[in-house]
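Reading through the structure tokens given below for one structure.
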Amino acid sequence: MSVKVGIINVTGYAGSELAGILHAHPDVELVAVTGRSAAGKRLPEALPYLWGIDLLITPAVEVSVDVVFSALPTAASAEALAPFIRSGVKAIDIAADFRIKDVAEFEAAYEKKHPAPELVKDAVYGLTETNRDAIRKTKLVANPGCYPTGALLAAVPAVKLGLVKSGIIIDSKSGISGAGRGGLSASTVDHFCEADENVVPYRLEGHGHLPEIVQELKAQRAGFDPRVTFVPCRVPMIRGILTTCYADLVDTSLTGDRVREMYRDFYKDEPFVRVPPTVPQTKQTTGTNMCLVYPTVDRRTGRLIVVSAIDNLVKGAAGSAVQNMNVMCGFEETTGLRSLPLYP
Amino acid sequence: MSVKVGIINVTGYAGSELAGILHAHPDVELVAVTGRSAAGKRLPEALPYLWGIDLLITPAVEVSVDVVFSALPTAASAEALAPFIRSGVKAIDIAADFRIKDVAEFEAAYEKKHPAPELVKDAVYGLTETNRDAIRKTKLVANPGCYPTGALLAAVPAVKLGLVKSGIIIDSKSGISGAGRGGLSASTVDHFCEADENVVPYRLEGHGHLPEIVQELKAQRAGFDPRVTFVPCRVPMIRGILTTCYADLVDTSLTGDRVREMYRDFYKDEPFVRVPPTVPQTKQTTGTNMCLVYPTVDRRTGRLIVVSAIDNLVKGAAGSAVQNMNVMCGFEETTGLRSLPLYP
Amino acid sequence: MSVKVGIINVTGYAGSELAGILHAHPDVELVAVTGRSAAGKRLPEALPYLWGIDLLITPAVEVSVDVVFSALPTAASAEALAPFIRSGVKAIDIAADFRIKDVAEFEAAYEKKHPAPELVKDAVYGLTETNRDAIRKTKLVANPGCYPTGALLAAVPAVKLGLVKSGIIIDSKSGISGAGRGGLSASTVDHFCEADENVVPYRLEGHGHLPEIVQELKAQRAGFDPRVTFVPCRVPMIRGILTTCYADLVDTSLTGDRVREMYRDFYKDEPFVRVPPTVPQTKQTTGTNMCLVYPTVDRRTGRLIVVSAIDNLVKGAAGSAVQNMNVMCGFEETTGLRSLPLYP
Amino acid sequence: MSVKVGIINVTGYAGSELAGILHAHPDVELVAVTGRSAAGKRLPEALPYLWGIDLLITPAVEVSVDVVFSALPTAASAEALAPFIRSGVKAIDIAADFRIKDVAEFEAAYEKKHPAPELVKDAVYGLTETNRDAIRKTKLVANPGCYPTGALLAAVPAVKLGLVKSGIIIDSKSGISGAGRGGLSASTVDHFCEADENVVPYRLEGHGHLPEIVQELKAQRAGFDPRVTFVPCRVPMIRGILTTCYADLVDTSLTGDRVREMYRDFYKDEPFVRVPPTVPQTKQTTGTNMCLVYPTVDRRTGRLIVVSAIDNLVKGAAGSAVQNMNVMCGFEETTGLRSLPLYP
């Protein structure tokens, strides 16, 4: 028996990716998609590449749904979801609104007032690999940010197993789709001619995803107070995030082989995390919900280096949202999620 | 009065870039270009885009030259340059052969036997900004590697001014031309379909450029023994290296503004280093010999972050080689070197 | 009940795409994959992105199969397939070997001797949309070339319906994967730095796909003797072919709307051809087996212009091969073939 | 003695390219640059990559100039230039406003009212290669469009020498910068994620550059009434236009070699047109004012095929504008224009 699902704000990259995945999901009936400027159009009229999904884009979800996803921008998302949450519909928020438990910290990081602060405590942070049981029981999932997904899956085992000291440096390289389709209205930074043949570091003094990374790393080990520097940069590709984490090892005699063994053991039951035999590349994940995690040791300096690769629109957004829906609804966790990448 | 110049191995990317720069240089007469498989062809026959440089490609430099550049691979380069060095011709080596003072370390890093170890001590490491006086007096310059150029120009002021502790992490993102045109013969990693839409980390356990970075950082400050981790990755663009350096500050009360002021002062007389008001992007350097260096402070963690951007084929190879030639020959240092980038 | 399938030469782009599609195909059991240099390795060892397909790469198909695909280069393909064809195994050749009925013309176009000329007459040209019934009955399908697929689906209705005169110009723009992964060994034309930021026309004096286009256009209409010029060029993207066809209309009073209506009617039962309301883009087909065809009329000159878009590795190779297998085996024609593109 | 020059609308891609070229031009003093939203800023503040040009961006040219360039959008350009033209300042318009002699046709093509129709008759169409003498004597140059530049330099010799019949098909592939930096405000078509990995045909029913192409082809040969179809498409690169022209030969016994000889003779004194020995690629022109033109013959069909390659921002806009200024001011025609491309 299939569940009825609605997507709030289908016209951005996360929303449209979600539509594609849910349309092909055998246990889902996609019944509502919303949009603002595109409201009143058929979905394929607004997004020609979704020719197979003949739904009307409406200003709001106007039919009954079992599950609702929001791909709205921060703050707008919580506002739109609040009525669903209050009426007991399962809700998955792809925006940042319910990720940070400390509302003041959220408001500082995003420079916005939280529209529904009283609901934050009910939300479960939706990194399936660390919070599966809580996700199974909740009706409100705060889907992780794209950067935190790659960073946490890389760093969590090291922190949880007590392998590293508190100083952690996270250097992430992201494809341009991470900024969303709407980035254009504000500036020209997403213009092909500006983004192509360019590497663009940004928000060196504090990206909105940093509090979320710190909060979740702290949650892994009692008393662990990580000192995290996080610097993202944009590279000229559409999809993918490659994250490199650096931290000093507690036991500098550890080898790369040994750490990879520990990571493999840590993730042995995870359908969407793999520790490959060689260092991963982002293209190996394109279109899939897979996170590739590769730890190694810089023996000269006693540092752990962990590289992770994801598709930011799938494991970093729409795919992990569906993974969470599968868990919340009791479906097989991998249902509807592509297992092999589009390569090349 | 112009100098007569020869280029050994003109057919790679560094060699061909050098040919273009020297062809337009007002004080240079380019009289010889060599190649192996292309020997016997006119230069524009082998490289159609160099239509204006009608020279015969010869197997070796067969005419008298005042300055010789080598863009051969490691080890082959020293072998080809040795006779010129011994006969007193000014020589600039774009390969790694004369960069590392400790020959054993060179041989370990490159897994090759050095063909002329007795000449290494005569070479000056050609980072013009740190060694200008010695370059002026020498006849043998070891031109820096592309990664070390960006990394050193970012880190040297911090080390020399004693701003940071010994733990230094260097995360570099390079365009594909850094691997050279010949990379193809060995593997498919440079194939458009493999390199495009991909971020590819490599040599996590020790890149050949690491000893060079460590040697030069040590040289900046007596007793400074840096503990450097260097991880490069390839991003889908042709030219450019963006380097991000991380290190703990000695004085955590330093601000980003203050550090930028110190860097501006440090580089105030340098024609090819700028400390811009905002974080640089690689595209801002395309085709130029400029290095953009931007330090900032992560106040929460007391870390210095320094970003640098260069065009790897110009400031990272052919351009800095010409800058060094200008210094060695007593020409104006900026002669023949493009000041504004091709943008977009 | 599933069929047992083997792929000869799995390591190229067409072969690896085929492996991915067949692995996910519910009616197929992939039992053999072959390769030359990679023989002896597990498939994911040679191609890490195929982690889920744990088969040994063998030098030849050594187990019993119901269907065999060959993705070998021209001539080698017919040689490898011949024993299977003779023993009655269903065979689908992705190479050019069985496409051209006139063996002399084949040998002139490809400058190779045909290794099994006596088998050519038994082959059915595998453009499903024009030859479905014959494909259903045959055991040997010559899968169309990537360029002919886009060109024929654009031009066939115009020719069959008698809309155009005999002069036809076909201008195709192809992604780099069309040349295959092995292109590198011969030259540097596929090097990222040569292919990126470049448009490269080639084989202006006659591409190997031209005879195939002419043969199939002739087959559409008795007495029609097309005078075809075909010029391909490579553009800096991985997948996709955009083909633009130009021909003078017989009846210059036809409008674009009317022609689109005729095309829609022509393709109304085709699952993998669509005539969209606006001019198509290659990205709208990425990863799918869809061909988008858009005819219009240049009223000032009385010319028909038809644009088509495909993913060259799917509808232009592996996908249409699976479509043909579905027809040959009596499966639902769309089984295992992705309906919505990966976008963006 | 240098001339004083102003640029109206420096902040677009043509304007900023022009600023870079003029800044390095030995006979020019750049004294004024204008912009709308950026007025009041220093040029490097608005466009960081122009760090070396420390001018204030003003709302209008407020100082005396000898030459003025306009890189404004269509219609706005004529309006801004009119006062300069009337007061006898040399004016070069990079917009379309003065290109089409038939004002009604201009207004139909661009769907705008011409703000200064009485000035159109005084303008000289600025394709230097066909109109050099008139350019030398005029004070108002209508700089050609980017597509017409490549198309005309490919087709003019064939038309002028009477080689072809009247049916001409022009298929152009353009980099994204051709649409300008401002394209974004109107739509998302220039977003990296939409433009990358995509080929996008557009304006199949009539591009604004078509009347200009027809007008200038007609001017080459009395009584020649070309029947031109022009279809542009966008390909995922920043700079470059590759144009392929097709036309039936009058004398089908002509060979490719013979036609190339005729073209070489036709262009033998042109500094910025070359007929190379092999088919050109756009990358061979990046950053230069060169147009590469390669004619060949499809012997089977008796068709002439001519391929041309330019950098749309240089020979297709700012470079040819400077070439025209050089002619108008009596400077050496090649002054300040780069001769070798940035490659790769």
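Labels A, B, C and D are assigned to the chains in the order they are written; within every chain, residues are numbered from 1.
Criterion: contacts are C-beta pairs under 8 Å (C-beta built on N, C-alpha and C of every residue); 3 or more make two chains touch, one makes a residue touch a chain.
The model shown is predicted, which means the values in this text are computed figures rather than measured ones.
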| item | value |
| --- | --- |
| Taking each chain's C-alpha mean as its centre, the one farthest from chain A | D |
| Gap in Å, rounded to a whole number, between the CA centres of chain C and chain A | 36 |
| Separation of mean Cα positions, chain C and chain B [Å, integer] | 45 |
| Touching two or more other chains - residue numbers and ranges from chain D | 13, 177, 193, 196-197, 236-239, 283, 286, 344 |
| Chain-level touch network, classified as line, ring, star, complete or other | complete |
| Chain B residues within the chain C interface of the complex | 13, 176-177, 181, 183-184, 188, 190-193, 195-197, 236-238 |
| Chain B-touching residues of chain D, taken from the complex the two chains share | 13, 16, 20, 23-24, 45, 48-53, 177, 197, 238-239, 274, 276-278, 283-284, 286-287, 339-344 |
| Footprint of chain A on chain B - complex, ascending | 167, 169, 171, 173, 175, 193-194, 196-202, 204-206, 227-229, 231, 233, 235-240, 242, 244, 246, 248, 256, 279, 281-283, 286, 296, 298-301, 303, 305, 307, 309, 344 |
